[in-house]
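Next come two complexes, and both contain chain A; in the first it sits with chain B, in the second with chain C.
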Partner chain A sequence: MDLNLDAPHSMGTTIIGVTYNGGVVLGADSRTSTGMYVANRASDKITQLTDNVYVCRSGSAADSQVVSDYVRYFLHQHTIQLGQPATVKVSANLIRMLAYNNKNMLQTGLIVGGWDKYEGGKIYGIPLGGTVVEQPFAIGGSGSSYLYGFFDQAWKEGMTKEEAEQLVVKAVSLAIARDGASGGVVRTVIINSEGVTRNFYPGDKLQLWHEELEPQNSLLDILNAGGPVPMAM
Partner chain B sequence: MTFTIPIENGNGVKDAEADSQRTLYPYVTGTSVVAIKYKDGILMASDMGGSYGSTLRYKNIERVKAIGKHSLLGASGEISDFQEILRYLDELILNDNMWADGNSLGPKEVHNYLTRVMYNRRNKFNPLWNTLVLGGVKNGEKYLGMVSMIGVSFEDNHVATGFGNHLARPILRDEWHEDLSFEDGVKLLEKCMRVLLYRDRSAINKLQISKMTEEGLTVYEPYSLKTFWEFSAFTNPTVGAEGSW
Partner chain C sequence: MSQSAVDVPPKGGFSFDLCKRNDMLIQKGLKAPSFLKTGTTIVGLIFKDGVILGADTRATEGPIVADKNCEKIHYMAPNIYCCGAGTAADTEAVTDMVSSQLRLHRYQTGRDSRVITGLTLLKKHLFSYQGHVSAALVLGGVDITGPHLHTIYPHGSTDTLPFATMGSGSLAAMSVFEAKYKEGLTRDEGIKLVAEAICSGIFNDLGSGSNVDICVITKGNKEYLRNYMEPNPRTYVSSKGYSFSKKTEVLLTKITPLMERVEITEVGEAMEE
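Our next item is the complex of A and B:
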């Protein structure tokens, strides 16, 4: 089994953005892989662009980092010129500009989410190629393949902040269960008129899914707890 | 005389000029657009899907847009390139309005502009990966035309893109006639869209029909078509020949 430590750093990733009644919730896993090796098991894929706009990054780690760095720089200048916070739409359009004009070289899918006073909470999906799609919710990254059915069933309009965050955490957790390229912790960022809240859900605090067992310190603890007699041939 | 030594890196030798922008392959794509001339103008239909390879990823994409006062533009192919074309046309219409001379670009002019853009991009081996349908009415004259990503351009009474070429156009050739009423026009388009729904893997059941007449543009609400599956041959296909399909 070849580890291929020279493979480009890619964020297998599961990223999600969801609007709710009053703002948006962004969520992501935390695994960055180099081929089969996990280069960073606690990455932060939800990156700040402005006080009120964040972006979820997927695909090539380098490409997504450099794109978000450029857009943060542009938005900083734009905010100074404009004299007020940049809108989510403008942020999305700047990302689109870089993504579309460099489509042959970039390999990154992004989800832009934020809150502004004109449109409230908004989510924009920007897949490979540089298409911009405004959506009530967006999913991306390799782990998202496992979530299309889940969201078709579980998404509803007009959720509360708590419902939206629970949905995001559950979804990322389900994707991590099935996607080898996603893993680690679930990070969420909630953005609304009041500001920004970052949350952190470590792997062991998440719900267990099919064929997953309660984590233990050691077999010895299981044995010492008594309980059912262990199997013997 | 310069002597350049090619430098071997992991990606092989790279020529600085060769990596200019070239759309090599599409990512998010729209499927067929079907359009016809009818008594009062143009009817254009497309579904609202944006596919990502074989995944039906986006289900709310408008692939038919109004251009100026007189034209409708429908697109299949790469959505990001379609969005870019809309930006070009925005600028075209804006500049046209700025003349404030009482004149406005009609469908014939817009079609010609698009043909030039698409053909010139093709010549530079950097196509906009779309097939465009341009229809409209100006001064009572109906116009319907098409431009492909390689710059092939023509007008006709009925056009279709993508799968629609193979599935919709035969129906249109048979059943289209001059001066179709609005109802007959819509029914004809729906017949085509239903067949596409049955037989095109990238079609979704959510379509939008747009109408352009001398009076103006109407974009109807997205809706779904009923489909029929209850043929006896469907309900029990292997009866009498177990093991067949």
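Our next item is the complex of A and C:
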């Protein structure tokens, strides 16, 4: 078994961004792997850039963290200079500048999502290479391969907030079931005119898919049992 | 023959001057010395009142144990310590450097250092070297915002966790944590768990061994328990003592302590115009 603990930290990942009637829902799994070892089973891949714009990170953990740190800094300055909250389009553009100009060195795919008062809820996908594509929904990461057909069939215009979140959770959960590099918990972030809501769905509470088994009683329970009771004479 | 009179200071970054020489030597058959790596098991966990860091004490050079009792828990600030795994020189150098930077920052701001500051400085440095500085770190401390524990990987990515392990023995130690960790551990429970995790690395990983070092950091206080546990004592020591053969002569040892030469200068008269 080739563990290779020196391999760069990558987020195998499934990341999703979906627009709905009034805002956006971002979703991601929580697995960060180093080679074949899960380095962090509860990572948070949905990072805040501003009060109203978040980004889903995939690919190299180091590259995506550094890019989002720089863009957060630039957006902070931009907000001060502009005098009002930055738009989602500007955030996406700043990410794209870094991703495109450093395309030889970086290996990270990002999905920018947020809400602003001019355009409402918007999702921008920025895959490897630095293209920017404005989409009604975007998927990324290694687990996204298993979701293209699912979204073609399941996504529709003008969903409600609840429908959109259910769709995202279902999709991430399906990808986790099939992709070895995705796992852990499902995190979602809902952004609309009222603000931001973070949700958390533990892995063992997700719906079971084809051939998935119920979780068995853990043998670890004997550790907490307290030992056998001594015989009484 | 003209020589430039002024030496231009190097611009910084790597200097590749000796690469050609090294290539030539390797071609001639010279084997380069291997790096001194700390095989290592390092761990950290957050307990009720703060952070506990733990490490083993074996430093390896290939298959040989180079140092049986090295220190892997490095000082960063009075309230922040950092365990290091990977190439020993890299972990020492990078923790020393950031420790100095934190001190300068304390002087400038007039405040105690925060763990996140150390994290950002380390992450920036490691990322700019693209993973060639082989330092995998567990950074822990308690600052004004509370207890924090972070892991930093050689490529510059970081994670923030309630319990973490790094190094070649990380899998052995993580299995102990995953089985027994819970939130709100007391100091004694936490120390016991950390010691257990490090022992698991010491006994099951070839790159880790010797003793257990522990560092407990709480608000306003830190305890560095060097060699908290020594589960690998030297078992056989000859009771008869060691005899030296007849030809060996023990010379007289004369130790002359160096005395400080203190010259007291009389305070002279101040110069007057």
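Please note the rule applied: the second predicted complex is superposed on the first by the 217 of 233 C-alpha atoms of A that agree within 3 Å, B and C clash if a C-alpha of one lies under 4 Å from a C-alpha of the other, contacts with A are read in each partner's own complex, and residues count from 1 in each chain.
Keep this in mind: a residue touches a chain if its C-beta (ideal position, glycine included) is under 8 Å from a C-beta of that chain, and two chains touch if they have at least 3 such contacts.
Everything quoted here is computed from the prediction, not taken from an experiment.
**Student:** Kindly classify A:Y37 by the partners it touches after superposition: chain B alone (first), chain C alone (second), both, or neither?
**Tutor:** second
**Student:** State whether A:S60 touches chain B only (first), chain C only (second), both chains, or neither.
**Tutor:** So A:S60 only meets chain C here.
**Student:** For A:L208, select first, second, both or neither according to whether it touches chain B, chain C, the two together, or no partner.
**Tutor:** neither
**Student:** After superposition on the shared chain, which partner residues are touched by A:L82: those of chain B (first), chain C (second), both, or neither?
**Tutor:** It touches nothing on chain B or chain C.
**Student:** What is the contact status of A:T131 with respect to chain B (first) and chain C (second): first, second, both, or neither?
**Tutor:** The first partner, chain B, only.
**Student:** Residue overlap on chain A between the chain B contact set and the chain C contact set?
**Tutor:** The answer is residues 6, 105 of chain A.
**Student:** Once bound in the complex, which stretches of chain C touch chain A?
**Tutor:** So the residues of chain C in touch with chain A come to 123, 126-127, 130-131, 134, 151, 153-159, 161, 168, 170-171, 179-180.
**Student:** What does chain B use to touch chain A in their complex?
**Tutor:** Listed in rising order, the residues are 10, 19, 21-24, 26-28, 50, 52, 55, 57-58, 60-61, 78-80, 83-84.
**Student:** Write out the stretch or stretches of chain A touching chain C in their complex.
**Tutor:** Interface residues on the chain A side: 3, 5-6, 8-9, 32, 34, 37, 39-40, 42-43, 60-62, 65-66, 105, 220, 223.
**Student:** Enumerate the contact residues on chain A facing chain B in the complex.
**Tutor:** Against chain B, the touching part of chain A is residues 6, 100-101, 103-105, 125, 127-133, 135, 145, 148.
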